[in-house]
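What follows is a structure written as structure tokens; I'll ask about it next.
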Amino acid sequence: MIAPFEDVVIRTACRLLIPFIQLYGLYVIAHGAESPGGGFQGGVILGASFILLSLAYNADEVRKRVSEKRNLIFCSVGLFIYSGIGAVCLALGGNYLNYSRLHHLLPVDPVYARALGIFGIEVGVGMTVMAVMLSIFLDLASKHEDEGEMTSLGMDR
Amino acid sequence: MTTSPYPILIILVPLMTSFLIPLVGWWRRSLCYPLMLAALVVSAFSSLVILRMVMEQGTIHYHLGNWDPPWGIEYVFDHLNAFVAVIVSLTSLLIGISSKSMVERSFSKKAAFFYCLFLLQVTGLLGIVVTGDAFNLYVFLEIASLAGYALIAIGEDGAPFASFNYMLYGTVGACFYLLGVGYLYIVTGSLNMADLAKLLPPLYESKPVLIAFAFFIVGVAIKMALFPLHVWLPDAYTYAPSAVSSLIAPLTTKVGAYVAIRVVYTIFTPSFVKEFSSATITLSWVSVSAILFGCIWALAQTDLKRMFAYVLVAEIGYLALGIGLANRNGLTGTVLHIMNDAMMMASLFLVAGAVATKTGFRKIDQWGGLHKKMPITMAVFVVTALSIVGIPPMCGFFSKWYLLLGAIAAKQWVAAAVLLASSLVNAILFFRVIEVIYFSRPAEFPDGDRVQHQGFDEAPWSVLIPMLLFAAGIVSLGLLSGKIITRIVQFAIPAGL
Amino acid sequence: MKIVGLIAVCLTGALLIYGTIDFPSWGDPQSPASLHVSPRYIEKTVEETDVPNMVTSVLADYRGYDTLGETTVIFTAGMSCILLIRRFSR
Amino acid sequence: MEWIVSKYNYWIYILLMMIGFYAMIGKKNLVKKVIGMNIFQTSIILYFISIGSKKGATIPIAEHGLGGPIQAIQYINPIPHVLMLTAIVVMVSTFGVAMALLIMIYRRYQTIEEDEILKLRR
């Protein structure tokens, strides 16, 4: 239940901070193989940046930027990248998630293909985690005036 | 190790389809249902292929990511596994077919998300069944549970609260399972089931292993709703939407029983069970009380769906009894009963759902004279009831027969007596309902109107066909159970039992 | 109910503490958990996957299937929340 | 004495788990039950993480330019960290679904006290 709350300091600070938070989230995802970090951590940071936006402004401000449909696409596409990379390995004649098979597609040796595969799935995980965090937050925080539909929803008898 | 893709297709196809369905639902809602069915068909087909491969070549190992166990995760298919996977995938396919009319009527706007979670639930259950890694089992257990909480909560009236209670119990169960994995990990350093089975025998006397065993059993007992930890079950299954309760009621508890068999006889071996026989004897006593409690409470119910839920509590007692008897006949009975009970419960809850959908009645006395209106549904109900009671040509008889032989072999006379007595109570229970349906007059409403059961008005075909298939299965698989035992089940019993 | 709960909790705790008696001591480099499976992850990860962060390599490669399951768990939670409480205007 | 020093961390987690478990059973407020559930799961996470530790070892990220082959004794065990990343995600997901259920319950009964709900349902 986020009511619009006008505060110049908070809004300006958030406007300054959010791009850097998002950049940091992308760094955590991309650098997950070398340093502490990875898809989940980076995804949560990216999701938190949107949550900060909705706290400083309101939920509709976020919905304007990331519509529900786009959010859903992010949820699914992230997992599609993950399971798709695994399925490509399957199609190339290896076992599921055997990234070293990717060297048939990419101009690298099988060991480095594994590193690339890991990077690919980290990106997928990051996308899904970001979108789901935002989606759960918006669902839980949104105010619903009409109570009628929910009761009619449960009329299975 | 195999490189055939079928082991992974069982899981992968429904999983990827469930990611696709929300997107497709935004674009064209009517495509969701066929898409879900297609995924379930592929999954069922793959599991049948696997069962055939297992019957021909013995145990199949599939190494995910091409890492050898115990470093990577592996899928292991033996006779038990492949058999349960076939049951789960075929049952969920039939229930999936029947879900259409209910979904379109009750929540057409959210149909895409319903089908998505339905598929995720099936994926979770199948993932539990096929995996050979103790921690991977936990992950899929959580997928199945989370989807289950959400699906139950969209039911009527008390559903959210029932689902919340289920969630508390389920989380404790899953956490106990995880604690068991942790206690085994700290003394062995391994997570792979086969590897654990190899490493554990010298450690059987050590305290963490015994505690791990206890926590495994309690955690799984919560998940499979073994008395006295069944408290969440009746409410959750009564209030769940009919398509959901007919999916979750037959499968979740059966998969729980499967996990119990895996834990007791694969991670821990029959020699452990022989060494610490007090554990299994306790389990058999608990399950005897579960049978008694379930039967007696079922007698006290007036709401049919709730009565079926208590019958299910008793059936879980049968499943656990076979595990607790710790001999060949008892375990044969349990494995056979996993199949039979899945069919019987699916058919019972489908009947209850179909009647509730068509007439809105759920009390027993309101079913009077329903055989004129829904003759096919009621015929299916009678077949299922006879099977639960244990009348010979139906499948329910054979699993109970093996359980009885097992109880006699283990010299557990109380268990044998309770098995016989429970059949009697079940007979009273179901013949009472059958009598109401066929011979009594329709009940009266409080304001004097009679319930009208006039004219032929059957459930839609999408519900009738699965129902008839289940009834056919109950009869024909009962006749075939000798073959099933000699071809499949006898190889599923661990050696040394 | 509170008394029953207290007894159940104390019983659980007592069982778990009883189980810790045979544990290897904390931080012991010779404990089974440090000797059986994990050394390969530590020693071979750079050689086999070209990723220096062992947690990432185990998470995404050796036990990558767990991570797929885990991402599916969070996807399930998202879809559950949508199914349970989101309103659709259209 | 040494025995206590070498095991006390596990006992602290067990104590934490008991607190969470008691909150799940004994409290009447549903939100407190959910908080208890979170404490329960967190204690299991702490327990697993402490399995992974090795005295005198560093975080499991291979350092560049260290020279020589990597020894298992130099780095702590990465498996518990991986497993608990999964468990954390499960915890967050369960928490999200729990909150959604609580919102549904509140909409239906206008309360989140367990005994009041039970009274209303009768």
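Miscellaneous remarks
Just so it is clear, A, B, C and D label the chains in written order, and each chain counts residues from 1 on its own.
Note that in this section contacts are C-beta pairs under 8 Å (C-beta built on N, C-alpha and C of every residue); 3 or more make two chains touch, one makes a residue touch a chain.
Since the model is a prediction, treat every value here as computed from it, not as a measurement.
Under the contact definition, chain A and chain B share the contacting chains C, D.
Centre-to-centre spacing of chain C and chain D amounts to 10 Å, using the average Cα coordinate of each chain.
Mean C-alpha position of chain A lies 21 Å from that of chain C.
The geometric centre of chain B is 26 Å away from that of chain C, both derived from CA atoms. Inter-chain spacing, taken between the CA centroids of chain A and chain D, is 23 Å. Shared contact sites, meaning residues of chain B that touch two or more other chains, fall at 15, 19, 22, 64-65, 110, 135, 139, 142, 146, 149-150, 153-154, 179, 185-186, 191.
Touching of two or more other chains is recorded for residues 16, 20-21, 23, 33-34, 37-38, 41, 52-53, 55, 59, 61, 63-82, 84-85 of chain C. Touching of two or more other chains is recorded for residues 21, 51, 61, 79-80, 83, 85-86, 89-90, 93-94, 96-97, 100-101, 103-104, 108 of chain D.
Shown here, the protein chains touch in all possible pairs. Of all residues in chain B, those touching chain C in their complex are 15, 19, 22, 64-65, 67, 70-73, 109-110, 113-114, 116-117, 120, 123, 127, 133, 135-136, 139-140, 142-143, 146-147, 149-150, 153-154, 179, 183, 185-191, 199, 206-208, 210-212, 214-215. Every residue of chain B that touches chain A in the complex is listed here, in rising order: 3, 5, 8, 12, 15-16, 19-20, 22-23, 26, 62-66, 102, 106-107, 110, 154-157, 159, 241-242, 356-357, 360, 362. By the touch criterion stated above, chain D contacts chain C in their complex at residues 6-7, 9-11, 14-15, 17-18, 21-22, 25-26, 50-57, 60-64, 69-75, 77-83, 85-86, 89-90, 92-94, 96-97, 100-101, 103-104. Of all residues in chain A, those touching chain C in their complex are 32-39, 68, 75-76, 78-79, 82-83, 86, 96-97, 99, 111-112, 114-115, 117-118, 121-122, 124-125, 128-129, 131-132, 135-136, 139-140, 142, 144, 146, 149. Against chain D, the residues of chain B that register as touching in their complex are 135, 139, 142, 146, 149-150, 153, 158, 160-161, 163-164, 167-168, 171-172, 174-175, 178-179, 182, 185-186, 191.
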